[in-house]
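Please go over the structures that come below.
Both complexes below contain subunit A, partnered by subunit B and then by subunit C.
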Partner chain A sequence: MSQARHSITRSVAAHAILITYTLIALFPVFVIVINSFKARKAIFRSPLELPNAETFSLIGYETALKQGDFLLYFQNSLIVTVVSLALVLLFGAMAAFALAEYRFRGNLLMGLYLALGIMIPIRLGTVAILQLMVATGLVNTLTALILVYTAQGLPLAIFILSEFMRGISDDLKNAGRIDGLSEYRIFARLVLPLVRPAMATVAVFTMIPIWNDLWFPLILAPAEHTKTITLGSQVFIGQFVTNWNAVLAALSLAILPVLVLYLIFSRQLIRGITAGAVK
Partner chain B sequence: MNGETHKRPTRWHIAVFLAPAVLVYTAIMILPLFGTLQLALFKEIDKELVFVGIDNFKTLFGDPRWSESFWNALRNNTWFFVVHMLVQNPIGILLAALLSSPKLRMAAYYRTAIFIPTILSFVIVGFAWKLILSPLWGVAPTLLDAVGLKSLFAPYLGKEEYALTTLSLISVWQFVGIPMMLIYAALLSIPDEILEAAECDGITGMAQFWRIKLPLILPSIGIISVLTFVGNFNAFDLIYTAQGALAGPNFSTDVLGTFLYRTFFGFQLQLGDPNMGSAIATAMFVIILCGVCIYLFGIQTRLRRYQF
Partner chain C sequence: MGTLSLKNVRKSFGNVDVIKGVDLDVEDGEFIIFVGPSGCGKSTLLRMIAGLEDTSSGTVEIDGAVVNAKPPNERGIAMVFQTYALYPHLTVRGNMSLGLKQAGRPKSVIDERVAVAARMLSLEEYLERRPAELSGGQRQRVAIGRAVVRQPKLFLFDEPLSNLDAALRVNTRLEIAALHRQLGSTMVYVTHDQVEAMTLADRIVVLNAGVIEQVGSPMELYNNPANKFVAGFIGSPQMNFVDAGLVGIEDAASAGMRPEHITLASSGGRLSGEISHIEHLGGETNIYLQCGEAGLVGVRMFGEHAFDIGSRHDLVIDDARIFRFDTAGQRVH
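Moving on, here comes the complex of A and B:
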């Protein structure tokens, strides 16, 4: 009996802590989003109330969409993220396969060389990267960003994927070889489908920092037509700092797409992370 | 692994598999990294690059104008890291421990919600908190008033003595999801037999956590610490969005990342200086390398690993 009561108290305490923290995590997002739908007066008079018929207003969104080219910024971010992600996954899986599957001279050394980038942030090479991009005429192009993010994502992708590929049974691959499949087909038809969960993990870890990065867009591609959504909202908010409606609307515009995507994919995402990539 | 080495003397497919990754990685990451280290040894004199050896470092550490900024940034950066280690990781472990208890209901909802700040960009996080903490708007004072602590309110981001700690806590708020998830994964991977054996010996609840689970997840905590270290000594975005490149008030929130940015690109009346920027990047490189080496050789090799 006392055991049961004890465990009820414990589970109530656990829920209390988790609910408190959930509120802390969600509160700022909630405040920003509800206030973006209010008229200016209501934002200041009652910041914590939900918008009602009287205070509802879309004036902030009108200003933001008229003044800032959010659709273009969003498109730029999408192109950069999707292309870099595809390249990281493809190149990363290929290199991981070579490291995990074949014994060749320099295998270990190559693995260490490629793992170096996990610990050393690419930002420290910014000065020379900028010079390189100026020399090749890639400044203010999305290509520059894609190249940098591909290089940034590869080390971790290769590390995680090669760990997973070592676990795939040799019998399967040898059976494929006996059936006359080429090494490329074995990689594409047999191995890739089997490491799909690991690919999801890598995709998440690669995607979030790319989408949210401010440093490289600011330095390599600050032109109006190549701004990403992160840089675009940063600049927009800096200009409209006293127009609270517009600022709140711009913030909500930056939050909502990511939030919707996250809520759709959160189950796969969390399953991917907890699949044991990092133990 | 495969027994066909004797069949084909040159296995071109290995090169084909490796080439794209190695090329991109070498060209965009490794070469610029060494290029930057090299640039730190040069200086532009009369529009010509001249090799000056370690002169830039002498300036950085010897000239009081430079060295003061550098040590200030390093000190702030260290405090930024300490706050993360003391607040973010313990909270992450606590949340993971609560979430991993098998009988907990709604665990999936908590997990999803607590991870939300981590997916948001620094720009959003920086501005959202700036607005919330702004004395103009009054969300923070209203909230503090509701719990009877209104006297505690101050313009936290505007005061030299609070600004850095406030920013560190905002960053903790954003990233607590990462230690939580990694520890959660580690806790789930502990086999049930071990926990059952512990229960048979009468070790349950808190004692079980401290004496059984914590030692088993120490390697994960080690990895998280080193990831936090690398991330923190590389921080820039949050401070740039919330306080600008000058890392105000009065440089009290300046970290190595913002210092590097200002030096490289210049600000106000000072012109940008790529070579001094490279010198700072080199110093950061050495700091991060030291931290990673301390972890790899000092901590990781001493951690006891258990195989299940």
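Moving on, here comes the complex of A and C:
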């Protein structure tokens, strides 16, 4: 092993930087979680203190779960996120395959058109989207949110996946054709497994904005039965009084599902991000 | 049975013509090799035979039937790719049997054919492994096995040895030759390596810029090239071309001499030059001489020879072995 590449000071420095960054990134989350277990007064008296026997309280969680239909909000968020994610991955991968694999007139233009959404925020079209949803009677349904989020997620998905699919050897797909596999089976059995890391990357980048979004639920689906968790948490934030216990508890709970989904994808994600950079 | 016939086959991508009218008849059991420099369209032509590329015009016939409109799996062909192109998620057995499974063959037939192919290619102990657990040479053998199992009318090889290292390339070349003898099937093979072409082929098709320059047996191409391109492409080191006048020939524009047909002497040669570089290969010695107006001329001598760089020599050329070409590069006799 060469000295130059395994210097102890260098690896200590690298780790110090990474640990510092991790602490900074995790600190707000940490503060939210510890304070969600404290009584209201303790939150304001010493916000950075860990909950102890005196200050420990589950009042926030009780309020959050009692007031409003929290489980329903959760379920709504989960349905919207998972269904949108599935649609984005399915349609994104299929469109990317077509763009990467087939020569047809306007291929390049179509690719640019589909990638345009990366540069233009979908929120600019909110008024038109709302009119559309009113006209089609989809206001206050989860379908409205799913449709919007699918549209929102597709550009990036197509952009990333088509780049990856171009990288897959043509010979492999041709071997499949000679063996008599249909284009769908070539897509599903040969190509998809090879772009799995890219799919995980896309999944994470797509999922988090959807889960965290407040804008579209507020505008398209503010009814009680379609509220998502981010919108549901807003009931505790008033113009004059904010129920901090409940807000913090709701936010802590909201972190959980996205954390679970992230853990599922993360192993693949790391491979996806480093693919190409390291062989 | 497996004849192949190409009739005025053309291919263009947009405004670019890649294949500019190719006519070729391949007999049953023949080993045909397409050679040519990169970009000459040899791989495209092979992919058109396979049905992986559409033909812009002309017809492709396999076994007497026009297959232009048939998908690759219905053409009765099997193909071996340069990059192996094995299915990464399947075992060796799975890779070899997928095509037959898709065609709905009974399991007993599949098992038997896989067993025969595995024995032929000594892959028996690797049948349950995945491609990632195999070496490059083994992977290429699996790819060949996948083709053998299909019992095709036509084997297509797309530069199958290019990704292997030199030693393995020789071994696999011998295996492919043995396979051809054993199966007696028609094989069409694409390579840019003239050694592969010369050693394997019954007939070689030399392609250049989308047209066939010459078709013939390896020795025909070597002894009787139709034009300057073929003369320069076949043979290594390359044939020397000089202005015909410099070697005393009046009825041609250019004269070609193979390096192995020139000998060095102290006097009496038509050309003379100064040695500028020597390559010692043990079995042969390649000498390059700077011959004034004639430029750099290569001479190939068999065995080991010692010469001083910078020394002057006369080049004695066997008259009967000089190839004459006109201004258009066509051979004149």
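Structure notes:
Everything below uses one rule, namely that the second predicted complex is superposed on the first by the 218 of 279 C-alpha atoms of A that agree within 3 Å, B and C clash if a C-alpha of one lies under 4 Å from a C-alpha of the other, contacts with A are read in each partner's own complex, and residues count from 1 in each chain.
By our rule, a contact is a pair of C-beta atoms (placed from the backbone, for glycine too) under 8 Å apart; a residue touches a chain by one contact, two chains touch by 3 or more.
Note that the structure is a prediction, hence the values are computed from the model and not measured.
In the overlay built on the shared chain, the residue A:L190 is in contact with subunit C alone; subunit B does not reach it. By the touch criterion defined above, A:G117 lies against subunit B but remains apart from subunit C after alignment on the C-alpha atoms of chain A. When the shared chain is aligned, no partner comes close enough to touch A:E163: not subunit B, not subunit C.
By the touch criterion stated above, A:D69 is placed in contact with neither subunit B nor subunit C. In the superposed three-chain model, the partner touching more residues of subunit A is B, compared with the other of subunit B and subunit C. In the superposed model, A:A175 makes contact with subunit C only, not with subunit B.
Shared contact residues on subunit A (touching subunit B in one structure, subunit C in the other): 174, 177. Contacts from subunit C toward subunit A in the complex involve residues 47, 50-52, 71-73, 77-79, 81-89, 98-99, 102-103, 146, 158. Interface residues of subunit B facing subunit A in the complex, by the touch rule stated above, are 1-2, 4-5, 11, 13-14, 16-18, 20-22, 24-25, 27-36, 39, 91, 94-95, 98-99, 101, 103-104, 106, 108-125, 127-129, 131-132, 137-139, 142-143, 173, 176, 181-182, 184-186, 188-189, 205, 219-220, 223, 226, 230, 234, 236-237, 240-241, 257, 260, 264-265, 274, 277-278, 281-282, 284-285, 288-289, 292.
Listed in rising order, the residues of subunit A touching subunit C in the complex are 169, 171-172, 174-181, 189-190, 193-194.
By the touch rule above, subunit A contacts subunit B in their complex via residues 10-11, 14-15, 17-18, 21-22, 24-26, 28-29, 31-32, 43-44, 47-48, 87, 90-92, 94-95, 97-99, 101-104, 110, 114, 116-117, 119-129, 131-132, 147-148, 150-152, 154-155, 158, 170, 173-174, 177, 182-184, 187, 208, 211-215, 219, 230, 233-234, 237, 244, 247-248, 251, 254-255, 258-259, 262-263, 266-267, 270, 273-279.
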